[in-house]
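Scrolling down, you'll hit the structures one after another.
After this come two complexes, each holding chain A, first together with chain B and then together with chain C.
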Partner chain A sequence: METNTQRTKLLLAEDDAMLASLLKFRLEKEGYEVVLCIDGKEMKEELQRALPDVIISDIMMPYFSGIELVDYVRNDLGSKVPIIIISSAGNEQNVLSAFDLGANDFLSKPVSPSELVVRLQREMSKA
Partner chain B sequence: MKLYLPTYQAISLIDAPKIHTDVLWDLTLLFVGIALVYFVAIFFFRNKISGNTAKKNALKTKLSPMISEFIFYDETGTKEEKSLYINLKVKVRNMLKDDFKRRTISEILLELRKDVSGAAQKKLFELFQDLELHQDSYKKLESWRWEVISSGIQELTRMEVEEAYSFLTKFINDKRTTIRKQAEIAVVTLNSEGIGYFLDSTRHKISEWQQLKLIEVLSNKTDFIPPSFKAWLVSKNKYVVLFALRLIKYYDQNNAGSSIVELVKHRDNQIKQEAIDCIKAFHLTVALPTLKKVFWSCSTEIKITILDAIANLGTPEDVPFLKSIKKKERNYSVTSKALGAINAIIPESVLPTEGILSINDVDIPEDLPVEEPTTQELDQFEEASEEIPQTKELERLENEVGISDSKSKDDVKTESVHVNAVEVEFSSDFLPLVTPTADTAVQEPRETNPSINDLDVVYEAAYEKYVPDAQETELADPNSLDVIIDLEFLPLVVPSKTSESKDPIDIEVNFELVQPISKEINHTVELKVEEIIVIYDVLIPTAAELENALKAIEVDFEKVTPTNVEISFELEDELSQYIDFEIVFNNGEPPLRIPKVENNEVFDFDVSLNNVEEDLEIDRETESPAFTPSVELPSWLLDEIANENQELTASSELVMEGEEWEAKQSQMIDLIQGYIEKLPAVPRQDELADTIQLLDDIELFGDEREIPLLQELMEKEDKAQTKKRIDGLMKRFVGTDTYGGGLENGTTYSVFEELFRNCDTESKLILLDEIVMIGDEKEAAFLEQLLDDPISEISTKAAKALKLLNQRLERIASGIESKDADEYERFINMMDLNPPKQIKEPSYFQIDFELNREEENSKIRQRTKYRKGFGSYFSQFMAKLIKNTNFF
Partner chain C sequence: MRPKELLTRLSRVESLLSEYSFEELSTAEATTLKKSFELFKQQLEDAVFGEGILPTTSSRSSEAVDSGGENALNAAAELIEGTRILVFEDNYLNQRLLAKHLDKWGCVTFMTASGAEGMKVLETETIDLVLMDLRMPQMTGFEISDIIRGHENKAIRQLPIIALTADFRIQDMDNSELHGMNDYLLKPYSADALFIKILTNKMGLKKLEEVNEAIVVEESQAFSKDSTVSLDHLYEDCMGELDQVAELLHLFKQNVLEFVGTLKFQLKKEDFYGIGFAVHKIKSGLAMMRTDRLYQLVLQMEKCSKEQRDLTQLNTLFELFITEYPGIEHQLDLEFEKLTKAH
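Showing the complex of A and B:
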């Protein structure tokens, strides 16, 4: 598993530091190269610098929401990089909006890290 | 007190208070002071709080990778991962000694709990308890402050500390609402039986919101088996009854019909409403009379609910009741609902009346023909209107009965007086097989059997059971009821084979294609050899056939190493006269020789003895003709010979009995025995087999630890073949050809060589000491190899050890020293090595038994002087006192 995902660059945007740290640890253990952004502004800068292989983003973030991120990546950058959205439970409308704009998958909080890894692998295999 | 006089004149119309300006200044200073203190305090506390927050955040940042490491720790990880995990655990445990850090770790875990799920969440729970953070929550429960207790309960609930259940149950009836509600959720969350305990014991109100939260908790619980909530419908706490009704509805527990109907009469409107909702949900038609009775004593809201229920469950029989409501009830909402209920039961039965204009006075143009309904049409319409209730009833019955075919509705009408719902189940097994004539079978099938109406039938309600298909509908008798009737009770009618019988080719056969499952095909039957019954014929072969058969016998021996060496020899003439065949066994038994029946010819035969090195040729001339048999023939051989003789005698026509035969037999036995004695000393088959077996086992299961054994075997073994094999095994276990090379060079293998490969430097140094002590030439050669070791410590010590070993070997060679001498200390001293430190025994082992009792006691007293506590001193004091006063 590790060999397959060893060079995959992953952009993780999550404002909850604890959760971000936890997910980063898990994804790094799986062999991904994780770039962590704690808010939308930072994430946008990172996207302008270099496009990752896959993006995982929380919907609710300071400065730049997950929906705006999907819009930015799909329309402004014109990239088809897989995007997985993390959303709080009951945030159905936001999730639907994200899907409309081109998000590939979504996970509801509380997040199961193992599930995230599986979904990530599935998206990567599609790509 | 100083009296201040006013320093100004009151000129204005308004009479201002006369205050001395100094007082004003004093007051100003006072308030400025207070303001300063206030701002300083704010500044101080704000800084403190922000400092703490920053510190906490920094600590969280530091701790989060550690927590992640704990959560995602894989027990099957590498040694490094395990080591890292243990180190982290030690580190975290040290951190837990600090209260601030302890609180922070607890906060981190509680924060993460809401963000993660699945296996990670479970690990989080385990970690919380493993770090004993739940003990802090327990301490919070002892606080007098409600918010602290509440947070404690919340922590225990969120981290699912199941053992806290018993501690939390006592808070269920706490007078403080917040604590009580927290405890209720905790009790229901932590134990699947908690809901039962809660409903049993709570004496307080359960708010709507709380009920919803509790239902949510229950619905999120995995493996939760809801108890039968009807048990709590009799509770004295009306909130419990209400909650139980909601739970009954939520879990669809429709086994409490009577209780629910009874609760419609409850004086509490909420319970009444909930009970009616349950009645509607479970379609309890038995509740209709009760609903009608209760209706008149209810509030408007409940009346509307009841009417709604009647609209759902009601029948045309309930229409008069609804019409009476329309007449008697003044409340517009209720009457409207009643009319709506009538229309729900009988659609279009109540037509709009309000605001409808009369059309009788309308002027119609003369040229426009007006179609007046005929008297017949009006009659039909009226009939139809009158039949509505009946039709509705019929439809209901049809639904209950399951009638689908409109053709038989008339039949049902007549039957429905007696039959409400029909399902007949019979077993036809007891009925005889009736074979009527072709005419009766075809033309009057029903006359051959008793009428269905003649039978006493027990009817049961059956729903959704009968779905007639087209074929069945066609085949069914149009006169019979098209209802759920199992006609299996009817006798099986087999038409006699007459001229009208169909050609079998024309008969339509309905069959299902049965595809064999692979499992069945692959099904194998395990047979035990001993259970196989072999049927055979006893054949008595002729002598010639037996001879051929015996020649054709191939005996496969297991675990015998084939050799190229065969022993070929010729039997002496005398012996060959009597022996026809010989079968050689490798189990140590002597060869089986079959006596010759007809001594017409002498067979030349080869005897193959396994593992015999040399060809042995028996020289007849060297044999002594006269020998004394000293070995008795084995009994099995004698029996075998006797049996063979009997059989052969029976098959051939030779007569092998009487004195002649006995003489021949004894002569033959003597010859065989003599021959056996004269055979050269062949290695014992069992020894050979043992060696080969051992080598086989070593080859299969052995490793480098077998090298000493192989070496021993090599020394003992004198057969080149076996030696070669042992050598091969040793090469394999050593893993290199060093040993082989060593053999060729005349050196031998040292057991230390293998040990050296698998140990660390320290162990190697210790082994070098051992080599000096017990080594011999092999070890000397090995030590020479070690002189080039890259580790200087080993090479230096190997040089020393080699020197000492050579000296020792010289002494042994000259007989000065015994090979087995135990001179450990001497060698250690010569090697300038410190002997291992003697294990310091505990003081209680250092007892000098030479001391007399007094000295011993005084020593023990001295040793224990500073170790004893107050009790010891007290007992000593008492002993002294008794001694000095000569009390006894």
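Showing the complex of A and C:
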């Protein structure tokens, strides 16, 4: 991948080890820098340290849900950083709440890494 | 009724009822029935076991048993009150006996000793349920049942039919041998047994064992549809890097191991919330591996844990999961070997 994605920093919050491993692998292949958090607490700490260029977060996570995350980023931190939500089937109501609070996009499990990459590029081109 | 006698009856009703699953009731019109049924079951339990504690029969005041017991029986009678029942029975004494019970419960009874006459009643009156003596003159109960099941009117065709017989061989009969009859009651039967049969058939309750068997059959059918496992999509997702596929496979096995351990523990603890969470967590991995059979099982487990249904069903599903899993894991290993050789 070319240089313009090389410096793009992604914050990936996913508590499922398999999905986290696959997405991190693929996103790094695409040239992104990936910071992986395995629960909401870690993610919040990471956000306080530095804001990433894009956030990708599962909706059901221990300690701090994806919904709370969107609320925290938009309202507490006042940031417009793009947020892509990952949700499992049957969680439509949560996805709507996430959109209401300002999430930019969402993907349903099982997540296709290729689809995530395309959506990511789209969010980046808007920014 | 004396308290002791009342308690014996209540316990009998309790144990007869415990064989049924009323969770299966889902239609809108069943909701009201379900509510009164739950109330009845509650009152029954209170009357039989006392509230919360388990006192011995002698230590309980007879008034408490009396009022609780009468309440339960009244609530029970209300459940079948107004049920319109057609009885095919040629023995006069049996007719009288049945009519006595049915009247007491507030049922509307139509009595007939002839198949032809009975069919006329079915066509002119609204009937909710049929009690069928199998040994009738002219036409047997089986023959009458065939006519009912083949009737052009759907409401008549689908009527619940309960066979009344002294022939114990009926216990081993399957649906075709029963000529489409839904249930049977062996003579001599108690009034309580008759009551339970009318109640459960009117409500369309299924026996617990049938419910569990149905799940097993449903599952094994689902299994036979798709029994192949493939890692091709993962290989593609990992852009052809076998190390990454191996890593995912390893994580998958770990997740399943953890899931099985957790669930065993939580099923024992009857922790529905914990079960629901564990089941939700494993879903993602199963979906990634596209192990549809296991995924479907886990979906059903999720549904059960959400509805806090009886653990028997959850245990059955879990048993199926651990029976199925080793085969799937083996297939995944074989698939991985194939991938390694091919690339």
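Heads up, the rule we're going with is that the second predicted complex is superposed on the first by the 125 of 127 C-alpha atoms of A that agree within 3 Å, B and C clash if a C-alpha of one lies under 4 Å from a C-alpha of the other, contacts with A are read in each partner's own complex, and residues count from 1 in each chain.
Basically, a residue touches a chain if its C-beta (ideal position, glycine included) is under 8 Å from a C-beta of that chain, and two chains touch if they have at least 3 such contacts.
Nothing here was measured: the structure is a model prediction, and the numbers come from that model.
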item	value
Partner chain in contact with A:115 - chain B first, chain C second, else both or neither	first
First, second, both or neither for A:60, with chain B first and chain C second	second
Partner chain(s) touched by A:19 [first = chain B, second = chain C, both, neither]	both
Contacts on chain A seen with chain B and repeated with chain C across the two complexes	16-19, 21-22, 25-26, 29, 109-110, 112-114
Touching residues (chain side chain A, partner chain B) in the complex	16-19, 21-22, 24-26, 29, 109-115
Residues of chain A touching chain C in the complex	15-19, 21-22, 25-26, 29, 60, 88, 109-110, 112-114
Residues of chain C touching chain A in the complex	234, 237-239, 241, 244, 247-248, 251-252, 254-255, 280-281, 283-285, 287-288, 290
Residues on chain B engaged by chain A in the complex (per definition of touch)	57, 60-61, 64-65, 67-69, 71-72, 108, 111-121
